[in-house]
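Before anything else, here's the structure in question.
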Amino acid sequence: MRSLQVKNLSKVYPNGNQALNNINFTVNPGEAVILLGHNGSGKSTLFRSMINFETPTTGEVLIGGQSTTSLSRRQLRPIRQKVGMVFQNFNLVHNLSVFQNVLFGALGTSKTIQTFNWIAPKELRFKAMEALDRVGLSEFAKRRADELSGGQQQRVAIARMLMQDPELVLADEPIASLDPKAGREVMDLLWDIVHERGLTVVSILHQMDIAKEYGERILALKDGELVIDQDIHTLNERALNDLYHQPTTKQRAGA
Amino acid sequence: MRSLQVKNLSKVYPNGNQALNNINFTVNPGEAVILLGHNGSGKSTLFRSMINFETPTTGEVLIGGQSTTSLSRRQLRPIRQKVGMVFQNFNLVHNLSVFQNVLFGALGTSKTIQTFNWIAPKELRFKAMEALDRVGLSEFAKRRADELSGGQQQRVAIARMLMQDPELVLADEPIASLDPKAGREVMDLLWDIVHERGLTVVSILHQMDIAKEYGERILALKDGELVIDQDIHTLNERALNDLYHQPTTKQRAGA
Amino acid sequence: MNNWNEQRLSDHMPKRMKRPPTGAWILFIIAAGFMISGLINANLSFTRLYEGLFNMGNFVALAFPPDFANLQSIFSALVETFEIALVGTAFGVMLSLPIALLASSNTTPYAPVRTITRSIVSAMRTIPDLIWALIFVIAVGLGPLAGILTIVVDTIGFCARFFSERIEEIKKGPSQALQATGASNFGVISGAILPAGFPSFVGTSLFAFEKAIRSAVILGLVGAGGIGVELNTAMSLRMFDEALMIIILILIVVLTVEQISSRIRKKVI
Amino acid sequence: MNNWNEQRLSDHMPKRMKRPPTGAWILFIIAAGFMISGLINANLSFTRLYEGLFNMGNFVALAFPPDFANLQSIFSALVETFEIALVGTAFGVMLSLPIALLASSNTTPYAPVRTITRSIVSAMRTIPDLIWALIFVIAVGLGPLAGILTIVVDTIGFCARFFSERIEEIKKGPSQALQATGASNFGVISGAILPAGFPSFVGTSLFAFEKAIRSAVILGLVGAGGIGVELNTAMSLRMFDEALMIIILILIVVLTVEQISSRIRKKVI
Amino acid sequence: GSEADEGSAIEQDASAAAETADGQEDWPETIRFAVTGIDGMEELQRRYEEFQDVIEEHTGVDFEFFALSNRTVASTAMEADQVDMVLSGPSEYAQTKGAAPGVEPLAAIERDAYHSVFVVHEDSEFEELEDLRGESIAMKEAGSTSGHIGPSAILIDEGLDDDIEVELLGDARIEAFKSGETTALADGVRAYDRIVEEDGEDAYRIIHEGPPLPQDPFVASPELPESFKETFTEILHEHEDEILDAILDHEENDKYDGAKIVDIEDEDYDLMRETYDTLGIELQ
């Protein structure tokens, strides 16, 4: 339900590496977009810049019309609340239970104290169980997060995002560690809520078959530049292949 | 060049969760095998059990005819030296350089001190650069490992494994975070060395298309049991699909 | 491999050593200078060492067998110390946590706040116990309370610093994940920072407790008695056998605390 | 959602609280008992506090303005202390590292070795500085060397424990990756354990150094002089203005050490 | 009184010491000389360069100085032959003698104002020691001459030792007394002078003054050759003023001028021993 606008976004890391170079695009509310790009093309950096985990070097990002670039941590909160992020490396709190990790998804929408298992209201607890159930992990609620398999951990991260009731989902390779069936289920889940609840979803993917199947609109980065922004149906194979051609040496490495 | 035999292997985690249930198979020297299985089916546990990072509850694993199950840490060393492992979550040493991480691949074969960048002999340093180059990261040698993108980190882990000159490669979803082209390159790399140097490779994969393309022999776990062990050409679609059907509740969750 | 390729690889190959920044060099040279000067002043002489070993026997003999005659009164002094130390470190630790959060770069983005907090904590450590004891004796009189307050200050000086260092080492991933849900600072801290730091906090706190029990000086100064005073008296009156008994008693407590610490930590690491 | 499903979910839902093990309960009750007893003994009285504040003014006035008359000789005592502390902590830290490795469960799989090492380290802490000073005076005579040795022991008691706790907290992933290459223990330790623990080791070591500089007792005991003795003398002669000057001087050193510590750590975290 | 005349009759000056060089073969090359934190002796120098120069010049032997903050270390070092001479307080001497019976006091520094006093607040009701029955007294640390052993001897003498609560507070004693935590303060008269200096004449009142305390002795190790001990004693007497000037810090404490170097016998410290004994402390 929130739009996403990226304007002239560039990011140079402190080590001199230019990860993003003047990116411009807009995602409308209710759109589901797939973001492609070779390893190191800047996809994760782009995601992190959107909610200001990386301060862009130039340019700005507007979420629901509000610029995230210049806000204080406190001002960012209401925006971040509406943005559900699935991190590439999951970022679970390892020594807590799976259930507690999912409950933390409600940190933005509920009072902090209510997200602690021992005090959380019944509805929130059920909601967390449902979120876990949607990714097929309800039986694992009691486990410590680091006693799960890789794919299970990724699903917990997705459940945590669902718990947040986001209006805009940024999913960084959400199915990389999932088995084919689970991967499809998660994609279905995301696309369903886009259509049912009108969410906006941007998902990074490396699986071309899934991208082609689910994608309506495709964005693609190459060496930090946005090189594709078009409908999947008008996209030719050649352009896709070009994406993954060896980037030039100059652009690839940092200082 | 080393055979791998798994005999009656079972693993019950301390929390009561039975991750592996009486697994039996043999991989002959020079064979390239793909291991499939749903999330949490026990693939990573199986890998970790092979070089005794998890002590099997019952059964044993023989590498090149030697049992790894009952050996002391010291006795395991010569075996582990010959086994190249790519971990699902890469396990790089984060605050060291990419180059240093790759050099550490030689820890088993060289004197410890020689694997430190500031003292490593010239040949080892060049070998490390070549390993990095094979995964397309030679320009990133100087970077800190945690300043890489997810896919780049996975490639460093592969380069580290290459550095080790293993005779048996255990690769846990080695291309999960890689872009399509890089993924294929890495698979090519692995299969080339199998054919050129007669290595033995077992690779966990979730990408069915890649599995079908590269796989000669397919192993598959389901709920901790070995349910498929056959040639790719004789394998029917149905069996593959069954792999990813919802496992029964009873077997899936631990205590 | 052709020459060109080799060239390319060695272009990208990191140097064997990064030239350390000039500051580091200067620092190193200064430290080495002090070190050498210190070693020279120390007047190492091995003949002396050899002779000394003989005398050591005599000295150790003075302490054996340990004298358990006063066990009962010493034991009650130990209990007393234990209570005071427990209350003091408990409050100290509770205060240290927020202070540590104010002193850490990943929980407090405002550099001046951090610098000020850290300086205060350092000052608390640098001002000697005697001064704190005097201040609290003046403020609240002789007795356990002054001792408790001094221990609180001591604990803050120690724990706040170590908590803060640990907090800064915590990987930022999980915190960012919680921030991304729109969590408040309090939410991020209690959801990601505290769980990750918990094992270390337990270890440090229990060390502070152990330190408070061992610390002989504080309680004596404020007339609160306790085991440390007994030990000091025994030593300064050369009653080494009694001193040994007290040391053994304290050691038992210390080892027990260590055990508890490692049990708790094992559960949560 | 149907009823059956709801039932299924609540079956798997974790309890609000895990019932803590009986041991933990007992421990908690004992601690609470001591705590309450301690608080009662502390005899809090707020009227007393109020009166005390008045006296405090007089006391603090004694220390102002700080007296910089003896700055030069105090400064040379500081340099002396600095040297001795540097040598002592340097050796202490070097010895602490292997000891800590022996005391940590992820580097030493043999429980008895661990237990013994830890107990020795605890004993080193529990035996008071005075006893160590006596031992070293007997062994090597009065002077800086005995002071250095006492500082070495102190540093080991402190650093070995904290190093070991940190080592046990290190995630096992990278170590396993190196083990998987067939690395020796030495390889795993120097390749994965030390780099991960390095920031913490630096922080702890520099704290130990700071502690050695601040520690008034040790050097005085062995007749090695130093800033701590100056401070103690100033305080016991009630020259609080001079004491304040010394404290300020030490504080400057302490803050500098902290700065260095945080600079180094920032680079490697 | 000083009996320096006898010494000066034998050896007139430093050059005379050089003449007896034949008798010096068994002298140690360096004398390790410790000064313990002689409590109550505020006028003691805090650095000994000057004393070192003077004494080296007169003996022709090198001196190495150590300032010790703890009396246990001094006696243990003596016992272990790690120190040759100690300038110590009376109480320390008694301990050192207990630990190393062979030690010998060569001479001592006598000060004109060295006794313990009992002090109360001016506005308090207490007039004499007897009134303190049932009250509390702040003292220094266990074993301190003027701040523990001295006053304890007085209390024992008066039969008050069982009825008075003694708080050993170390360096916190004065603040505790000042803020009314204890009724009285028992300490060396120098401490009284200090608090008067801080708070004025009419803040405190002495209710009892003890007898002069024994002097601070130069203690010699039994390992030192007799000839050295003799020479050293002679030099102390002969160059009394010069040496006192070097040891004592007159700049800050000119009002304590009037110290002397005197002969001393082991028996002079029997009072210390008795008190230790009554307090139930064994000297070993």
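Residue numbering begins at 1 within each chain, and the chains themselves are lettered A, B, C, D and E in the order written.
Just so it is clear, a contact is a pair of C-beta atoms (placed from the backbone, for glycine too) under 8 Å apart; a residue touches a chain by one contact, two chains touch by 3 or more.
On a predicted model such as this, the values are computed, not experimentally measured, just so you know.
A.B. asks: Shortest hop count from chain A to chain E along touching chains?
C.D. replies: Between chain A and chain E, the shortest chain-hopping route counts 2.
A.B. asks: Provide the labels of all chains in contact with chain B and in contact with chain C.
C.D. replies: Output, common partners of chain B and chain C: A, D.
A.B. asks: Just going by residue numbers, which of B-D, A-D or A-C has an interface where over half the contact pairs are the same as at B-C?
C.D. replies: Interface equivalent to B-C, from the options B-D, A-D or A-C: A-D.
A.B. asks: Looking at contacts between chains, which pair has the highest count of C-beta pairs?
C.D. replies: Greatest count of contact pairs is found between chains C-D.
A.B. asks: Indicate the whole-number Å distance between the mean C-alpha point of chain D and the mean C-alpha point of chain E.
C.D. replies: Each chain reduced to its C-alpha mean, chain D and chain E end up 37 Å apart.
A.B. asks: From the mean C-alpha coordinate of chain A to that of chain B, what's the distance rounded to whole Å?
C.D. replies: Whole-Å distance between the two chain centres: 28.
A.B. asks: Determine the centre-to-centre distance between chain A and chain C, using the mean Cα coordinates as centres, and give it in whole Å.
C.D. replies: Measuring from centre to centre gives 42 Å for this pair.
A.B. asks: Report the inter-centroid distance (CA atoms only) between chain C and chain D in whole Å.
C.D. replies: 2
A.B. asks: If you look at chain A, which of its residues touch at least two other chains?
C.D. replies: Chain A, residues with two or more chain partners: 89, 139-140, 253.
A.B. asks: Please list all residues of chain E that touch 2 or more other chains.
C.D. replies: 70, 72, 76, 80, 82, 171, 175, 178-179
A.B. asks: Could you list the positions in chain D whose residues touch two or more of the other chains?
C.D. replies: 12, 52, 55, 59, 130, 134, 138, 141, 143, 232, 235, 269
A.B. asks: For each chain, which other chains does it touch, given as pairs?
C.D. replies: Final set of chain pairs in contact is A-B, A-C, A-D, B-C, B-D, C-D, C-E, D-E.
A.B. asks: Okay, in this complex, where on chain B does chain D touch?
C.D. replies: Touch residues, chain B against chain D: 51, 53, 73, 77-85, 87, 89-96, 104-109, 112, 115-116, 157, 160, 164, 253.
A.B. asks: What residues of chain C sit close enough to touch chain B in their complex?
C.D. replies: 1, 5-6, 8-10, 12-14, 16-17
A.B. asks: For a test of understanding, state which residues of chain A touch chain D in their complex under the given definition.
C.D. replies: Spelled out, the residues of chain A in touch with chain D are 97, 99, 117-120, 125-126, 129-130, 133, 138-142.
A.B. asks: In their complex, what parts of chain C are in touch with chain A?
C.D. replies: 12, 109, 173-174, 176-188, 190-192, 195-196, 198, 268-269
A.B. asks: Where on chain B is chain A touching in the complex?
C.D. replies: 13, 15, 17, 37-41, 43-45, 88-89, 136, 139-140, 143, 147-152, 155, 173, 176-183, 206-209, 244-246, 249, 252-254
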